[in-house]
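Once you scroll down, you'll see the structures, which are given as structure tokens.
The following pair of complexes shares a single chain, chain A, combined with chain B in the former and chain C in the latter.
Moving on, here comes the complex of A and B:
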């Protein structure tokens, strides 16, 4: 329990630091937002008035505290370029990116665990070597190139979906989920390859442990030892890896959204960057970083709860 | 059970295949400095979407430019950006990791908290932050990605310094009167290479993938510079009319990354 409390405290501290760094970067470096809003031909009086109105004349730490507390209340400020609050702007985009990331995670787990188990059981066999070769190649394919190849094969050659024909989830949930299969698969492919490789080597590592030999010598079948003993232990590095992969999946979704023409978080982030719409950029960045910190923190805590060696021994 | 020899044979295959792919790719890029089959910017109306032929092995793009030449030049840009990125990331990361790991104390606490906070960002997201502040362009991408790569190097190097600073040879060097700076970089640094070199190779691959991703998004290398990611985003518009345009720049990325990751695997097995 002490560990969990400490972990949560560190997570909060990291979140605070992230928000501070983001605020620092986006208020110090880009220059005066009042000038940016009014354009270069604004009068000094006009700029001064707007600065007062936007609260830019207050000390730095007051502004940071103000921004932080309004963010905690769920108020992310107003977009410069759209007549909307950042919250409104992002609200209908979050489900898209979330659905895509979760679906990729499901693909990774569904494909990598059976393949990893199979490869470890038939270590050195022809299929194991084929899986290894395929893994190596897929790991080198960037997610967006996988997306282009999937568009070519499934979209253009087999006509299973219309490239760029995104269906909104409010209109047709089934159609939305069907369209999401292809981008989520592109994100999952390289990650699944890495996961298979990791699970296979973790299982093979466990196979050489004394407890595995004991289990064999007690007359257990290869299959029984693999599923009942080895998998349990190999799950631990797997969970850590999947937690870390979640970061890459979200980052990958920013790029893959562009391949499939999906108006998610990635699209709004990129347009906001090119329009220098900093409140939106800050909202997205802090939001994504918070998800990453939370997921990684939860994985660490889960790891504690699952592994009795750490639960009892480590203080 | 698989014999030790088969394992070794397979790993040597990795080393060989990795060396061949990486060497071939580097040679191909190096040739581009002295000889290019065509001018990479030369446009031609008749050659628009020309298919694969002996004179244009990869075909031609929407402006009738030779794709083979452009992949050659694009791979060079991608390689240069990746090298710059790893240079900045590994240089600053090693310095931060060495100082924090060697000295410890409050400096370590403060710097590592910042590094941990940066680590919470996926590197492409961190690079996007830097790009949104600096603006896009080749050199900005190198800085953006370089900064994004600092945390991973800093963490690896720090953990090594934490271990190695307790070694007897470090204590002996202290007794002999060596300064901290000399111990850190002359005595300890060479001993971290076993861990640092694989990290560099993985970092290089991640840099290639990140650069391609950023240029694909249109915020990395800007035209007229050719870059593999940039070419892919152009190619995507013409996926229906000229599918091979997308294949070759993508394959170049795959071969570059695959070669180095096989080489890294092979080297690790050979040790």
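Moving on, here comes the complex of A and C:
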């Protein structure tokens, strides 16, 4: 418990640092939000008035503290380009991207663990080699290209979904989830391929360890050795990899949302960047950073639970 | 009960098949205790693994017969074999540190054979696991049951391995070098444990070792193997006292003997290395807000090493031997006390401030397999100290490296080879040569022969003695093997828990020891006073 407490403290400190860096970056980059909001033909007096109104003339640390504390209250500020708060703007986008990322994670875990186990168990066999070859190809395919291929095959050739025909989740949840299968699959494909490869080689590495021989000597079947002894050991590197993948998946979703015409976080991020809508961009970045830090924290805690050798607390 | 006839084992790794075991015959009765002795590569482990059904790689061909209670093991199916593994035939391995699954609790691993072979309730499993742990003489079996392997010492892990192997009360227990990785005192405890199991449970024990003196203490019969062949077999005492074959005679001769009349050289006049009240320790991993605890490993060590003297340092693992070695060669710098090396030689000339020992004390490590960079040639490795010190032309470096190779008993042509192309003994020669390249005054050999076979060991010891003679080198010889130390050293220090408890000539220490701990060590090694 003490360990977890410390972990959370470290995570909060990291988040604080991230928020500071984000705020600093958006203060020093050129481009005046007031100018952006009023357009190029605005009068200097008008700009000055708006700057005063938006609080841009106050000292840096005052503005940072103000931003930080309102964020802690759940207020991410107002968007410059829409007459909405950032919170309102993002509220209905978060479920879309979250659903897509989680679904990708599910795909990765569901496909890679059985395939990795199978390939390791039948090392060198025909199916293992086929999996290996497929892995090599899929690993090299970037998510957006996989998206284009999936649209081509499942959308246009087999007509399993209408490309660009995004269904909103508050209108038709079933339709929304069905549509999400395809983008999440295209994000998952290259990652799943890497996970299969990693799990396979981790398992084969564990198979050569002395304790595997001990397990055989007690009368375990190959399957018994694999599931009862090797899997838990091989999961350790896998968990680290899956944690890192989750970050990649969210980053990847920005591009894939474009391919499939999904109005998620990725799309709002892109439009806000081009419109210099800084409060929205900052909100999204801090949000994504929180998720990354949280996932990494969870990976660390999970690692503790799985590997007794690095368990620090509990004694 | 067990009958092995004409067992041949062949590898089909590459293009040419390679036979590792030829016509292996062995029969064992219930309650028998048989030893197999041989050097690495003699096929002893292969034969044992074949018996346990653990050689099932498809690139391997086995012919002959292994009959266990009338059942043919070589031709039976995997599932038939599995019914015997862990139930009737159990095995314990050499490496207690890695042979247990690191992420599973001890109890789970000890109970595994029960779960596989016998349908018993959770409570019964628990009780029998505790029984096995107690039988293996683990203190507090209930506590150990809930622990993980990394929380136990090597000796305790080996006991856990034994507990897991005997939990189903097997008829045969195969022990493959079970004590090689352990200290003498632990070693003799494990041997006694195996004897007890054999006596009380009537478990037949097949004991595989390269250590003849251990086999002699434990076994009734012995099988001597060389290059895949059985050279000689019979009653242990008979084989020891009247060996028939040349190879057996050589093996027995290679055991360092402790002859009380062995002549000793007079103690040299000058001192080359002295340590005064050396204290050193390690800090345990630092926690987030709390500073780590200091663990004192060396508690005030003082000694001197005379010019050209070979000084033995004996102690169990964890007593601080290696830490002392690190301090002496300058690998560990945070120590208190004084270390002074007063030799006049040394390649680096005047020692730099704070690095008094760097230039003149060199070290040879235990493991010749991992101590050399695998991607460089032997020549490159040997030339490195000269390259680092500078001032030598390419041709001169090369000449010196070749001379050194000849000095340590290898040919010049070895310079072009890679470490993996050399045997363990040859690699250790390279390591010694490397240590001598910078012409040190003192050589620290940390368990330098422990990983080697007896005959190779004897050769390396002879090499060290010769080099000492030729180069006037002083050697600090760190070992846990009392026989080797007796053979080689002019003086012996016994170390325990970071302190030197006794010091003297081998004769004094081995035959008139004063400290009870020395007595314990000698007894564990089967060298109790007067032996």
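Here, the second predicted complex is superposed on the first by the 298 of 315 C-alpha atoms of A that agree within 3 Å, B and C clash if a C-alpha of one lies under 4 Å from a C-alpha of the other, contacts with A are read in each partner's own complex, and residues count from 1 in each chain.
To be clear about the criterion, contacts are C-beta pairs under 8 Å (C-beta built on N, C-alpha and C of every residue); 3 or more make two chains touch, one makes a residue touch a chain.
Since the model is a prediction, treat every value here as computed from it, not as a measurement.
On the superposed chain A, the positions of chain B and chain C stay apart, so the two partners fit side by side. In the superposition on chain A, contact is made by A:17 with chain B only, not with chain C. Applying the stated contact rule after C-alpha superposition, one finds that A:201 touches neither chain B nor chain C.
Once the two complexes are overlaid on the shared chain, A:6 sits against chain C while remaining clear of chain B. A simple residue count on chain A separates chain B from chain C, and the partner touching more is B. In the superposed model, A:217 lies in contact with chain C only, and not with chain B.
In the superposition on chain A, no contact is made by A:275 with either chain B or chain C.
By the document's definition of touching, neither partner reaches A:81: not chain B, not chain C.
By the touch criterion defined above, A:229 lies against chain C but remains apart from chain B after alignment on the C-alpha atoms of chain A. Put simply, the nearest alpha carbons of chain B and chain C end up 5 Å apart when the two models share chain A.
Shared contact residues of chain A with chain B and chain C: none.
Across the complex, chain C is touched by residues 6, 209-211, 213-221, 224, 228-229, 232-233, 306-309, 312 of chain A.
Put simply, chain C touches chain A in their complex at residues 52, 54, 78-79, 82-87, 90-91, 93, 95, 98-104, 112-113, 116-117, 148, 150, 161, 164-165, 287-288. Residue ranges of chain B in contact with chain A, taken from their complex: 1-2, 6, 10, 113-114, 116-118, 120-125, 128-129, 131-133, 205, 209, 212-213, 216-219, 232-233, 235-236, 239-240, 243, 246, 250, 253-258, 261-262, 265. Interface of chain A with chain B (complex): residues 13-14, 17-18, 21-22, 25-26, 29-30, 123-124, 129, 136-137, 139-145, 148-149, 151-152, 156, 163, 247-248, 250-251, 254-255, 258-259, 269-270, 273-274, 276, 278, 281, 285, 288-289, 292-293, 296.
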